[in-house]
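To start, the structure itself, in structure tokens.
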Amino acid sequence: MDEQIISPEEVLQIMLKRDRFSEWLGLQVTEFGKGYCKLQYRITEDMMNGFNSIHGGVLFAAADSAFAFACNSYGHLTVALDASVHFTKPVTTGELLQVEAVEVFLGNKIGIYDVRTTNEKSELVALFKGTAYRTSTEIS
Amino acid sequence: MDEQIISPEEVLQIMLKRDRFSEWLGLQVTEFGKGYCKLQYRITEDMMNGFNSIHGGVLFAAADSAFAFACNSYGHLTVALDASVHFTKPVTTGELLQVEAVEVFLGNKIGIYDVRTTNEKSELVALFKGTAYRTSTEIS
Amino acid sequence: MDEQIISPEEVLQIMLKRDRFSEWLGLQVTEFGKGYCKLQYRITEDMMNGFNSIHGGVLFAAADSAFAFACNSYGHLTVALDASVHFTKPVTTGELLQVEAVEVFLGNKIGIYDVRTTNEKSELVALFKGTAYRTSTEIS
Amino acid sequence: MDEQIISPEEVLQIMLKRDRFSEWLGLQVTEFGKGYCKLQYRITEDMMNGFNSIHGGVLFAAADSAFAFACNSYGHLTVALDASVHFTKPVTTGELLQVEAVEVFLGNKIGIYDVRTTNEKSELVALFKGTAYRTSTEIS
């Protein structure tokens, strides 16, 4: 629709360079494109909750990062309005999780993204859905 | 309904002692009781996202901790089934946030909790709603 | 903030006159103001699902109407982006339900509303949360 | 896992026979199986809201029916705990909508279903996600 001056890869580099919390989580982006992001991370002791399972906030956060990378890929500053998450399976220290954000809908202002987090057996551990609002600000 | 052998305060101590991620977030519980939790934390550089605002995962995580503390207060192991969150205002480094989890519904198996996060001007920055599932396991 | 040419009551009259589905539901608005709506309706046989309880779509719809009336009360055409609902108690034919929509957040473009539906014993039967997007169109 | 005495088709017939509100909506099931349901319905004047678009409650209700049919297909009485819906496009009188419910997760007690509603141009008009809780009651 509009000519994109900044490429998805440039957006990702800008975001990754500044994103301190994604760095703390150890997120590694493995695939990236317009409206799409795949990343992985390994669960550490510091990510545990009070019952020796992964803290729900960590699962949410990694999915939220994949969502943010995917919805900003077009070069317009895009913010999360709201999101929901289902927790479907416990996760423990040492596991390597895959996170895949897929665009389900892209309107003029609003985008919807599904983000699936799976464990090494390809079992679903968390299902995230995010609503993105596209601002008129260009990312630079 | 049932006699509670373990007190809310004992539950909180057990959870806090083991909850590494809540420790990383620097959460400080200031009020606690059955179905209720109030806590606060200060935003650090490590909690920032790629656009110099707080990472949505941090806002979610702190609310999720307050939710977990509140819904486990009865002494039964209670897990999050799902949760939703709205982000209503940007937050930046150095701000002190207040998080208050309130029980909206308590059924036989299911509980619903609203968690409001506010900044120092008492403005709403995030609104979280969580669904809890009470297991038959006693916390000990 | 802005001078409102059309009053909340005028907005409500315009909406009610045209809202065929709210008419089918038999919704009766009992209180109304800026960002607020209270209404009631009686459950009929036609609202039942396949297991002799109220259809979730009816509970959602009545809450969605209260939400729409409340968020349009300022005179700007406002649309629902998304909504979530929890079902907490079965409801059967003949019951009179109360529905109350309260504004939880009002930003420049986005509003968030909680809508509680209760039965004659004041028990919560459904909890709805809606996200509204305010357009620049004036209601007339 | 367990031997199912009642077939998915028998469950559907039982539900459809009693479901007065789905009948009012004019829902026609076109495909059905374990964890899956596809149906269609035509938008009538009676389904309009106060701004001459389809009432969100109608979109939700039809999706909720597809979800209920899909999650009950295994023969155990299954109830909706919660659901969320995004509205992505206006719909008007006379349009024929397709509704497809797909199982995203099936655990011991909890199931998650995505339901997409599309118009005659195959454009997404509503996206529904529902959480189902399986009771121990057999459908009969």
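Just so it is clear, A, B, C and D label the chains in written order, and each chain counts residues from 1 on its own.
In this section, a residue touches a chain if its C-beta (ideal position, glycine included) is under 8 Å from a C-beta of that chain, and two chains touch if they have at least 3 such contacts.
The shown structure was predicted, so the numbers you read here are calculated from the model rather than taken from an experiment.
Chains making contact with chain C as well as with chain D: A, B. The chain pair A-B and the chain pair A-D differ in C-beta contact count, and the higher one is A-B. The chain with its C-alpha centre at the largest distance from the centre of chain D is B.
Each chain gets a centre from the mean of its Cα atoms; for chain B and chain D, those two points are 33 Å apart.
Distance between chain A and chain D, defined via averaged C-alpha coordinates, is recorded as 29 Å.
Centre to centre, using the average C-alpha position, chain A and chain B are separated by 22 Å.
Residues of chain C in contact with at least two other chains: 81-82, 84, 86, 110, 131. On the chain A side of its complex with chain D, the touching residues are 84, 86, 88-89, 104-105, 107, 110, 112, 124, 127, 129, 131. Touching chain A in their complex are the following residues of chain C: 81-82, 84, 110, 131, 133. Chain A contributes residues 14-22, 24-25, 45-52, 55-58, 60-62, 64-65, 68, 72, 77, 79-87 to its touches with chain B in the complex.
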